[in-house]
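Some structures to go through are shown next.
Shared chain: chain A. Partners: chain B in the first complex, chain C in the second.
For the complex of A and B:
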């Protein structure tokens, strides 16, 4: 398609990455982390962020040493037709499955927290329709819309967090180590794939103006995401205390329903639209990536045309589980556990094969990163 | 050509958005809703497993500019209905047998519970329904009433602020600032009940005035709601003192004075300024009117790892002297000022000690939020939980002291010596 020929610059790329991963602070990801880590939940993003440096560094090393090749092309090149197909199939499986359960969760948030009388299928269909429309518009459009909405979304989140910080008590963060230092490290490492989206970002390399932009963009967005998720997780505890926060399904939404600004009470009507836009952007990117992988698997050159069909499939599969708040929570927690090893092993594997093939050698002299 | 085309597209899009604006399933019209501002919960007299629910429904049209003329102007500001139901979720439909509009909790501000029901073990189950209901927020307030909530709501007829939603909002804000009632929100109630360490203090109110003689000559600070005697033409409802909840069950009430002391001992919930009387050290006949303000954070020195754990608490306050009936000229005499300061310190410290002793002996834990400070002494949750604050608290050695800093001596420092004048 014509539109997708355009490339995006560093700021659009950072905005897109932040919206894709950072929005997780406002769904049930915090609830999954608090379940094991109690009031030390805020340490998890720090540890996960630190550990994520390894796979990201490895992937950067490999992927940027090929000119204009994304992760898909690199895998094809390194592993050949058969194994490459298999790996991409696994990646597609994860991304598509994540898309289904995440959209189901978001639909559930909208349904249980805001529009309780609207049929789920209507919310779901509308959500996916918007994402499919955005995805079909092409990558350049997604990039510029991310950059355009990012300031508003982040300012609204920041206002919510600052307001609740002043209404809460920092002493809830104590005992500071929560369930104990080893437990914190162990459980956080198992939840590594909450930042697993970073693997999929490497698929987008061909759309970024230069590899240098990409390189810097990835690190900058990682820092911002770690900072904001940590801050949000801290403030949920500061607001609710750990016993209560562990019982909440969607801490961010309980938070924006609880905060007050002077005489203004029902504040969620102010925060909700921004969250909604962030979710739209997030799933548009997911949708696009899933479609790209799908296009590679089944040799569809103009994969954008597959997006509406995939979106329809998402709606139908996603509305299957009954009482989604709990059942999808379980599935999602398990998906995070299952995809964690892949998040570590795959980059390592790619790096080893690339090294073995000698593809990294001639770069060493050229760039000294 | 292309410009026209894009304009056409734009118009199509805009008209489509217009269609969306008309709303869909969750559309609500203010006119068609009955806004419940307060829910009253009582134990049903006959069936233990049912509750008597009272709705205080606010009329949003009263007090608005749209009021003038027409039928809306003559509508009363509120409507009250009581009936028996299984819980306050299903009761919304039951209420529709009487109320024509759709019941909504969107503007719910306060949950009123009768003292009898709050002392019931089963009370907590009904209260936790609030966490399930989508429209109920966690920032709503809890009020405990002495009598049945249904009669409380009917008797509660504020004269100058007739709109119930505004009334409760202002009442709680003012009560907290003056230190008469605790802030008591649902969020804090859930948090304290779930953390299982402190006591929760809820606001206490009643519409019944106690007429028995014992209350009449009482120091007003030793009173709780219903014991304060007043005349004039006003609302019969009083809000004063607090109801204490231990593990989700109400156990006792605190007087106004105890509530204020509790505020002063609390590490975070500070009152803005308390107006109160303290005995005059220079002449026992008189009382000195003072304004007490917290002077920075309450200081804690906790030593919990010892055989008998100990806590040293220092409460810094600023006291301003507002009246001086004995005519002692302490504004210019430093020795007298020191004596005054010491007398204040002794007096307040003694009051603190009495209250702390009461919490240790009678309640087994405290409403001051000290467990939050104690938590900082521990590194892991398991250590904290095995320390078991609620079990350890009665045995902790607590030393409390007050650090008084004298503020201004009123607008005019010196005082006429009445004795000299009459000479």
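For the complex of A and C:
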């Protein structure tokens, strides 16, 4: 059972990042944003994307100045054993908690929207079984699969969005700024961590063929994700108007239920499989990252072997909350609020320490030679 | 752990009394010493003369040397007229005293050996051995003539436009068919004896200035490390050298078309040929090599890609139709337009089984017809068609065992499955179809998406001789871009990067 430790190229990396973060347009993230921002919700991803440039740029500056070191190794190097352990533990906590909550939500989506009679635990177990299998195959495979399925997933999303655009009312977008410009900026910046996945992407640096690829890949995927999430959220408003969009927990799924094409009046089963595949890949990446952090924390070299155990844990913890549509929605909103400061402070902290240690200058000197 | 346990169970040697053969082995080590009577005695014993009917010892007197001699051969695998005209006649009629054997006999290749062990395999391959009184060596004349059929049309990989000839069971013919297409001094035909008892020969063919040396070395190593008594042909060898024996997908390509083999060699692949196999093995193989056919490139750009399109559609139809039917009818009935839904419901009304059982019955019946049709003696063949189509289709519907739409669904899937030509890939897809059917009946579309993701994970983790199974789609390599669709011939400029050829650019 040898795992290949191969590296992935820029295409695979972008595909993976897009699937990891972009899939959020199709769960309850839009609902969380619309709750406060009403019909201006679609501006939030733009603002979040713009604000995300700061932490991402800081992290790129620091992480890429070490050859072949990922975020984990950099934190270890900068903060020493004890504080490093603490920071990584927090990161692991967030990633694992996010994995549990998100998988619980997705299970709930599948359960409430499509399979109301199938036992939740069966749906959950199947979801995690596929993710655990994928995670165990190794990172190169996850990258490959992302690239292989990405075009089809994006085409299906695009078709759904285009179809619904023609069925909607563009006038619903106005007034553009919804509750007011100050409110929009404030609330969006509080939701900064909806793109918090980008921190975790820096853990994957050692798996990317070159730091240049990584650098370009991060920016390209950030642009694509911002564009895609903004477009999707705009279309939700166009389609449903803000009152109902605030009520809907899973707007994407309501959307694909509503669109029609010619004689096909119920098309959701055409879009559903693609969304599923995207979700499987997304959680496989989450799983892998959580397992990597876990492996670092407890000094497990072959951390892939911990994945099945972690997946089982996820299933059991994730099925604890009752009536997940409401309760997990609340928990998730809290998690986003809590992790937003970390998303800003941690990169800043890392950058300051690196600067203080003089690692960045040293690197610059090397470059000039 | 399970693997270890299984290995332990399998490697246990059953306690069966074996007869020692040390005596036989020792006898074969003996060197020739010029004593004709004694040497012939050895050979007679080894070959169980005269019980062994086709083993011949022809005693002669060479006039010129005035010596007794004997010619040993197996007549069923030798060219008897050749022996008669070019060995026996010159030897007997020869009068000069000093001339060497090589100068008397007019046979293409003459070799000398002096240990019995080395002489035996040559005789077994169809050579004739000449042993002369007082001469401590045997002269081996190659007069091999194995029977075999001529070059015929390929039957399993038929094309409309393109060469029709196929490999035969004779390796020499097969090699010549390849050489006919690649007239280049860099084409190497290595020969290896790979088995211990039957001494089966294997030919490794590649272009020296293209094929990656590590790959060739890897193949050589894997073949040499086989410790098997006999491997009759390539179909068996394939199972010996593949990496994952329990994998549902094939990782070695088996093709009967010399033109395909030649074009693979020209791309830096390695081809294996053996006697007794009307085909060759191509290494390494990716998913695409099973999906492609040689005609895709013989047809013009649009026509070729049209067949590719049909094939990929057929592949997905085979995999998914019956599963989608079961999933939709059981879990997602709302997606069917109401009129069609009513029609389906009306036909299903009198069928007592759930949709899944219904489809499985029909799928099984179809597989049975297919298998029976393959094994049945050809005169009875048409009967199977009638029985299959009439009884199983028409009557099953009338008896309310299956609904008519299921017959359509299964027939569509069955028909499409023939579009994937390669027999191994065909089996993988047919087997996977049943898996999809199973998950669709348990979880509907969700289960199918899960299995599909699972399957892609499995595919990307597969490797054939170090080459990722879905290359060059992912991971990306320099290549001619020939995956689902092909490009215009002039734009296919590069050899596949994943086989790491020495010369990447085609001219």
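Structural remarks
Note that the second predicted complex is superposed on the first by the 361 of 369 C-alpha atoms of A that agree within 3 Å, B and C clash if a C-alpha of one lies under 4 Å from a C-alpha of the other, contacts with A are read in each partner's own complex, and residues count from 1 in each chain.
Rule of thumb we're sticking to: a contact is a pair of C-beta atoms (placed from the backbone, for glycine too) under 8 Å apart; a residue touches a chain by one contact, two chains touch by 3 or more.
Fair warning: this is a prediction, and the values are worked out from it, not measured in the lab.
In the overlay built on the shared chain, the residue A:172 is in contact with chain B alone; chain C does not reach it. Of the two partner chains placed by the overlay, chain B and chain C both lie in contact with A:118.
In the superposed pair of complexes, A:266 makes contact with chain B and with chain C alike.
Within the superposed three-chain arrangement, the count of touched residues of chain A is higher for C, of the candidates chain B and chain C.
When both complexes are overlaid on chain A, the residue A:145 reaches chain C alone and has no touch with chain B.
Once chain A of one complex is fitted onto chain A of the other, the partner contacts of A:323 are absent, as it touches neither chain B nor chain C.
Of the two partner chains placed around the shared chain by superposition, chain C is the only one that A:8 touches, whereas chain B remains out of contact. Contact with neither chain B nor chain C is seen for A:67 once the two complexes are overlaid on the shared chain. In the superposition on chain A, the residues of chain A contacting both chain B and chain C are 114-115, 118, 122, 265-266. Against chain A, in their complex, chain B makes its touches with residues 24-26, 106, 131, 134, 137-139, 187, 190-191, 194-196, 267-268, 372-373, 375-376, 378-384. If you check the complex, the residues on chain C that touch chain A are 328, 331-332, 334-337, 443-450, 452-454, 456-457, 460-461, 468, 470, 473-476. Chain A contributes residues 38-39, 112-119, 122, 169, 171-172, 174-180, 240-244, 247, 254, 257-258, 260, 265-266 to its touches with chain B in the complex.
The touching residues of chain A, counted against chain C in their complex, run 6, 8-9, 11-12, 110, 114-115, 118, 122-123, 126-127, 129-130, 133-134, 137-138, 140-141, 143-145, 147-149, 263-270, 272-273, 276-277, 280-281, 284.
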